[in-house]
Each structure stands twice: as C-alpha cells, then as structure tokens.
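Per-chain residue numbering starts at 1, and chain names A, B and C are given in the order in which the chains are listed.
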C-alpha cells in the first residue's frame, strides 16, 4: 500500500510538472499570437518574441521557486529516510479530509515559510544597515537570473507561433552562466563583512576563496562539450545531443521509421567533463561536502547574524542553486529533453501531424524536469552521504586534482575531435572511462580488506548490525 | 595541519580513484532511501523486534510509547494514609536533600482532639507541600531520604506539559494520589492518643547475647567485601567470541 | 565556638565574650604555665596508648611525707589525659578541663552552671586512682592522676550507656525539633551506631504534654538527666518541675495541678540535651539546620542579655541566650525570648508621604527633599522639636542627635520609648528600653537636655511645637492617644520600624531598621556597653536611623559621608565621655556567623516557587 501511495505521489508531481509546462506553452503561444479570443485577436499582428514574459513568470517564479521550496522539505524528509528516521510529519491542517493527515509533511513547507516571515528581523546594532540588507538581495538575485538561458522545452508550434520554454537565447549562452554564477559570491561575502561578526566574516572569506578556486574548473569542465558541439548556446547544445552516434533507422510496423541509435549525450562524450563540472558547480552551491563557508559546527557561517526572511533568502537561494545546477547539467550532459532510443522521432512525427505542439512540448519539458529532479536527488543524497571536506582538502581538490584533469580532458577531447569530427572516437573513450569506473565500483573488494562491507552483515540484523567486538575482530585475524 | 594523514598501504586503485567509493556510498544511502520510501513502517514499540524491509527505528511518540522499565522514577506522589491524609510529617528531609531545591514545606500541628484517630496521634503535618516539577531533576533523593515512606516516585508518569509555569508547581491536592499505605510501626497502629497509655505493664526486655545485631562495619571493611563478590564473576564472560 | 553557634547552649561551656572578666588564679601561686607544657611523652603516637608502659607516664615527683604528691606546677593540678599533660586550676571540672588538650568527654546531665547530679553515666572515664570507671563530672582531679577518656573500656561503657538511654527513646527525630542539635543524635553516631536490640514494644508515655505557656514536654524522649529540675530549683529558684516514679517508669512532670509558668522556663528547653522539652513558640516553625545564627543583644528590657539571633533568609525565628558572665550568665527570660516578634511583624516597608487620604508611597529622594524644605524653615525655632527613643542603638542616637543639634538647631530632646512594665527577681527589669543609659550618655556628650515625654504632650497641646522629628515610633503611653496629639502637629517626620497608630499621623514616614539588621551597640542599665552584629540586611528602602540622619544631613548640605555604624561611632563616639574609651571593633563578638543550610527553594526572582503562584507570603514570621 505504501508503494502505491508513493507511486501516486510521484504521478501527482509529474502531472503537476506536465500541467505547468503545458500552461507555459499555451500561454507563450497565446501571447505570441496576440491573445486570440474566440477568433479575435487583441493585437492584430501578434507579439512575436514576447513569450519570454510568460516564460520568465512560469519557469523562474513557477518551476524554480516551487521546486526549491519543496526541496527544503525534501532535504528534511529524504535525509530522514536515508538515515532511517521518519522526518517531518507533525504539521496538519484542520480541514475536513485533511484533518490528522500530514501527507508526508508537505504542510511543513507552509509552516517554515510562516516562521521565516513572522520571525523578528533582527539586525546587529554595529552592522552596516545598507550592506547588511544588500547581502541577501545580492545572494538571491543572481541565482534566479542564472535560469534565463536554460531551455526547458523545445521550440514547438502553438497557436501558429513557434514557442520555446526559454526566457532568453543570447549568443553568449553558457558565458552568461559563468558570469552570473560568480556574482552570487558577492552576496555571501558582503553578508559576512556587513554583519560585523568575526565568524560571519570568516564564512564570507571562505566562500570567496572557494568560489575563486572552483570557478576555473567549472569553466574548463564545459570546454569539451562546447568544442564537441561548436556552440555555447544551450538549445544548440541540446540539439547536438539529440544526434545519434551509431545505429540507424529501423522500419517498424505502424510506427514508421524509428532511429534506435545511441544519442550523443554529453555524459557519454565527456564523462570526465561531467565529473569536473558537477563537482565544481557543487562547490559553488556551498552545500556539503563543500560547506565550509557555513560550517555550522565551527563558525555557523556568513549568515550567522541574519534572522527571519533574510536568512530565508540565503537558504532558498541555496536550494534554487540546486535546481539550476540540476537544470544546467541536464541541458549540457543529459541531453536536455531528449528521450532517445527512438521515442523522439516517433513522438515528434505523431504529435506534429496532429497539430498538438503544446502536448509535444509539455512531454519534452516533463522529461527535462524528470532528469533535473533526479539530479536534485543526487545532490541531496551526496549532501547526506559524504562528510565535509577539510579546508585544505577543498583547495587541493580544486587546484591539484580537478584543474589538471580538466586541462588534460580538454587536450584529449580536442585531439579526438580533430581526428574524428563524427565524435565517435570521443564517445568510445567516454564509454571506456564509464565502463572502467563502473567495473571498479561493482568489483567485490578482497575479503581480507580492512573495511567492513555491509554485505557481511547478518541477515536478521535489520540493518543495525552491532559493531564487531574488538576481541572478535582480533580473533578473525588469527 | 594538525596531523598528517598516513597513506594506508592497503588502499587499492579503487580507493585511490575515490570516485567508485563515492558511488558505493551513494548506493548505500539510496538503498536505505528506497527501502524506507516504498515500504510501510513497522510500529512495534520494541524497536529491536522490528521486522520488514523498512529500516526506520523511530518510536513516534506520543502515538507509540515505549513502556517504562521497572523502577522508573516518575512523577512524585505523596502517599496517603488510610484516612486519605498524607503520610508526610513535614520533617523537611526531602527539602534538605533536594539538590535542585524544588521542595517547599510548611509545617502545622494536628490537635490532640482531632476527630481522626490517625491524625490525633500525629503531631506534625505539612500545611503546604509544594514541588516545582520544572526545577526537579528527578534524582529520587527525596524518596531515599523520606523516613516515613511518604513520598514516592512510583507513578510511572512523567511531568505532563502545561501552558504556563504555575502549572508545574504541584501542591498537596495534586500530589496526594495513589493507594494508601500503612505500616505496623505507624503511630496510629500503636496508640490511641498522645497521653500516657492507661495501663501499660509488660516488661520491655532484651535478651543479652541473643540476636546480636552485627556492628556496622567501617566503610573500608565493606568495600573489601564487595570486591570479593565482584571477583567471583569471571571476567572472561564478557570476552566471549 | 564553631559548634555552639548553631546548637542550643545545652550546657556546653561557651567562651566568655571579650570584656567579660575571667577568673584568674590568686596571684602569688607561681607563674601561669603554658598549657600543655612541652613534654617528650606527649609527642608519641596516639595508637596503642592503652598499652603504654607506665614508664611513658610523666615522671611523678616523689611523694612528700604528708602523702600528697608535690605539685609539678605549684598552685595548679597536673594530670595526664590520654597521654597528654594537662595543667588545671584547682577545683576545675574534669569535663571542661580535658577540652584544653583536645579530649572530649560526652555528657548529658552535667552543666557548668548547675549542681552535679552524675546520673546520666555518659561521662564515665578510666582514672588511675580507681579500679572502676568514674563519672568525670563528679570526680575531682588529683595531682598525677592519669585519665583515659577513650580506652576500650570507656568506649564499651559509653556504647552500653547509649544503648540503655535509647532503649525506650522513640525514634521520632523526623518530627522532633531538637533534631540537628540533639546530643542523643550526636552521641549515637559517635558512640553507638548500631540497630536496637530491643525485642518487643518500647514503653509509651505522654507526648506533647503542655507544661505551661512556654514549654511542651514529650516524656518518651526524656533521658532523665534532671537538668531542667535542677535549673528551676537552683537558678530560677522557682522549683516547678520534679522527677516522679522510679525505674523505667521514672518521668519528669510538674507538680500535680501546677504549671511551668516561670519567666525562666524557656531556659529548660535550651539546656534539655534531647527533644523532651520544646519551646511552644518555635515548635515546628523551622528545622534547626536551616537556621543561621548571629551574636546579638536582647532588646526586651534594659538588662540587655547577650543572645544569638537565629534567622533564615530575612526572617528571625528565635533568640537564644549567649554566654555572658557579667550580665545574663547562660540564661534569659521568656519575655525576652518572645520580644523578637516585632522584628518580623507589621514592619514599615516603604517611604510614605502625606497623612490621611493624601498618603502615598514615595521615593527616598522625594521624601528627603520634602523634609529638608519643611525643616529648613523651622530650624532653630521653638516650633521644631526632636523626639528620641531609647530603643535605638548608640550609633543611631549619635547620628540622629548630632543631626538634630547641628542641622535642626535644637538644644533639648524629648524622650519616648516603650512603657515600663514588671520586673522580676532575676534578669528582667521594669524598664523595657534597651538603651536608656546610652541615650542619657549621648545627650550629655552632645550638650543636649533630655525632657520627658509628658512635656512634649503639653507643648503640642499648647501649640508651641508645630513640627516634630521623631526617632523611633515607640511611645510610653497608649499609642492611639499619642496619635491624637500628633494629629495636631503641622509636620511630623517619623523614623519607625513598625506600623502603629502613630505612623499613620506622619507626614513623612521613613522605614527604620531594627537591631538585627544592622551593627551597633547598646548600653544596658548597669552601664555595660555591648556590641551586636548584623544578622541579615534590611529589605528594600529600610535603613537604620543613622543612615536616615546622614541622608537628611546631606540634603541639608552637610558633607556627611558615613557609610556604616562603625563610621558613625568613630566620628561621634569620642565626644561622649563614657563611650570614648569603648573599643568598638575589639568588643565585637566573633564575626563568624554559622550559616544554616539554605534548602528553601528560591526562584530566579528570589521567591520560593510555592509562593509564586499561591499569593503573597504569609504574615512574616509565620
């Protein structure tokens, strides 16, 4: 029964995403077509190019903020499940039908928001008022601006107009991401400095140094993909990933020609670039294991003096960064809305013929968000799996590991693209790398190893195996 | 750095590559996540007896309550006599021993003409007996100190929550609860009034040498005895396996 | 002093206060030896002292032909106590004497101010000139005598006596007020410390039998030491108690149909070593270990008995007599014991301004300003009079009368004070004011004439006196009559400690401290000046008289900066001829205040939690 409830809940979430995407397409088309209404148009010539208004509202304020908000709950609930706890389940609403039903703790989102909004907005007397107030604004605004260049759905025809789910598609594409992402650190370091608190200042300084260290690897990690698809515009990167590396068209009955080839996803071409970019971007979100700027056990962090919604802005911007990182990674490395394995051509053909452009777009956008949500889960799971790096470990990881690897990756990628412009040799190298890591991961460790694999746990231990007695461990060696 | 990490010679390529270990770690947490997400929770209050694929070990108080162990020091109660009044004689022993200083007592005197035959032979009683349960640290010293078995912590309850501090200040009407207790040595079981009993002539006697109560040993002697008993338990019992 | 501060003076000899004359041996009996004199034998280890060969004893001089040994120290008796040499005065009691060398003989019935009864048998010791154990209280010390107070024989006998005394003793220490200062408890811990071997029931006797207005008796707890009987016969000279019955049926009681109504019956409670006799006023009000004690003086009459003040927090619980050879020996009267109640009850707590319906609470600066405004206009005229009470201490009077003379410009002072009462044959005097002699001395020293209270009444009635500065609210006649007279005054400034009909007539009412709340001196009717110490600080705005006088003088523009009663005495004490030579610091009783346990719960705001929600504290002093 629980599994059914979970599947229903997932269905509800996907349905909501689908509905919101469809609404975005419909609204965009409606605006571009000049608000058609019972055969009449409010604007005769339409408003070509004005769909960015609805896209901005629905993508940034709708998708990003809603997902970020619910991620605050997810962080608590998922971490509870990872750690064999229950998690938030106390808030209920006293309405018929909802009475006494916590619904997985979903109302805690509302209570948290209410708490943030109603708490005293405290400012230390010695803090600089202007800079203190500017801190959360500067931390929050760039994060939302980042999302402007991320394409969520393809260009489809709605109300006779070509509409895509992207706020803006400038020529500089990825460079916008790099530029704006580095701006976010101004908010944190400003908050740390303006608080007039030594611990806050420490947090701000740590954030700045971490940002500088990983900015390099962040950029270099993406160079390979840019070289492979010869563009920095995200829609073109996605379009490039929909091409097939191998395999050809197969004629299937009732479905027509279906391409069952392997898509050229960035992950297959650039697994090393993926790891470097993901690690660097993760460091920029300042989440565990890269959370030394926060470091609640040592310095509490750059927001130590903030309370109420100002602190809330810092927190929500962190989760918005999680969403945006997931979206950008999806677009660059996971093929964006591409489904692959023959579905794309069939779907596109069928729905374009039926003139259901909005439906096609909504399906693709849902696929995009499914991938992004899985990456969100990955980020949360990483936060609850790995302990915090020490500060020197962070710096050596950034400068001494990620940077050389990224540079080497660029040279090798460049050489392979030069040799084989069809990207197939690059893909072969990628598959070899992925296979090598997977083989190492799945290989059983040697039984005499010093680690206690959980495969050795007794079957009836319910996951709570007692630690081996010292005497027992010693006896097993002899 | 505060310390230098040694390179463990047993690390192999997998561990030095770091990435496979990260993936394995993620696999462990994800396995827990999925088991707990898709399976119903066992609500057995005895956590060690829980079965099933769901690994959650939380006891979701107050819907589920772990039974308190025997000897649990719960909320105080003032033990009543058979006539419903507290056994307490306001000797202040509990107030004296209390490390949190949470007991306040005021003493009064029963009249020799009190209608209750139990009260008549008791001189002192508490007119006020107040325990601030917020200040109480539940150490149980008051129970140990009481010479009259008048205060106990055998209710098996803990302090209920209240909306203001005054609710935690428990006075006699709230504290006086539970079954009445009477001992053979209680004065009302021995005499009817405070006056000299009218005709009392039975020889109080001792039989010298018989039933001699052993002298209380100095603490050093007693410790020696305790150590001997401890040694009787073989230490190897704990080192099995 | 350490133990006896807290405990009742139940016969334990207390050191005399400084200034009390001590009995010196007659001059010419030789130089007073150091005690104990250096002796090689005294430095040996204590262990196995009972097996010491006789050679280890100090060398006894060869006997003189008369049969008596030659004194080692002429004019003194030299004995050996537990291996240490003791040089005692002739006729000194053995129990008191052995304390000087650190030995301790337990006892119940012995009291250094009563006759020797030797009936408790607790003080049995082993001496060299007797085959049997002898009672230490009764045995005179002889030259060369060897005394063992701690030998196995003595220990076994002490244990046996304790068992015997506890045979029928009800173990109701839980409700016994003596618990904590009970010799039976102490000696049980030290000498017996084992369970009772009694099979069968203990004897039952009358409990809480009321003997008189002051004392209640529990016959079960009595150990028949007869201290109370001897006290009533020998010291109070009112033999109201007697010993009746015999054997295990022996008991203390009053004579049939009579009451224990002597004015000194309270002392029997003090000297009772167990909880048989208890004070009805103090009974069940506090456990003894909660109480702290401060050396003080009784203010019940002009005798000025030395006392301890037993207090807890800011409440006084009882007076106990303090040893003073000159004045009260070890005793005090029941009237004096009960005279403490005004310290707790009906105290003036706040500065009040206005009379009748205009009366309101005021701040201290406001009140001082008002007084200064009114008095400055009248200073030096006939219309302004000063009234001083002989209940105030010397320091209070020194400061207030100096203020009256220098600032108010008066040349004479009217005397108020408590009305006279009955005296008795021993300690209590008819004058109920503790410091009349001090007031006389100080007025003389400051060139002020003293006028009786009746003249003030005439002056007010005739309209000559319009404003009055009164130190102390006690008056020698009916307060309501005085209040009617004072109502005619245009302006009355009253420093009073207790509410009365008179305080209602004050335009400015300044709350005054009582003697337990400040340090100072009293001079009793014999001209003996005694220091008393502060037990606890006064509450809130309450200040001693001298502090009010200093504050008023500063308001008048005088550069007075006295911060304590000591400062006041150092400033003006030398002007009074009789007090000039008084060593204020040296005469102080030992400063140590034995602090009681303080287990009464107090919240962060200083109030017990029981009171936080159940209304204000009950009437102070319970």
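Definition applied: a contact is a pair of C-beta atoms (placed from the backbone, for glycine too) under 8 Å apart; a residue touches a chain by one contact, two chains touch by 3 or more.
Remember, it's a predicted structure, so these values are computed and weren't measured experimentally.
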Chain B and chain A - chains in contact with each: none
Centroid-based (C-alpha) most distant chain relative to chain B: A
Approximate Å spacing (C-alpha centroids) for the pair chain A, chain B: 53
Euclidean distance of C-alpha centroids - chain B vs chain C, Å: 44
Inter-chain centre distance, chain A versus chain C - centres from mean C-alpha coordinates, in Å: 84
Contacting residues of chain A [partner chain B, same complex]: 1-3, 6, 78, 81-86, 89, 275, 378, 381-382, 384-386, 392, 437, 440-441, 443, 445-446, 449-450, 454, 462-464, 469, 471-472, 475
Complex contacts: residues of chain C adjacent to chain B: 167-168, 173-175, 179, 193-209, 219, 248, 283-285, 287, 289-290, 597-603, 608-614, 622
Chain B to chain C touching residues, read off their complex: 89-93, 95-98, 100-104, 106-109, 112, 122-124, 128, 130, 132, 135, 147-148, 165-166, 169, 171, 190-191, 194-197, 200, 202-207, 211-213, 215-216
Residues of chain B touching chain A in the complex: 1, 8, 10, 12-14, 17, 19-20, 22-26, 28-30, 32-33, 36-41, 50-51, 55-58, 60, 239, 241
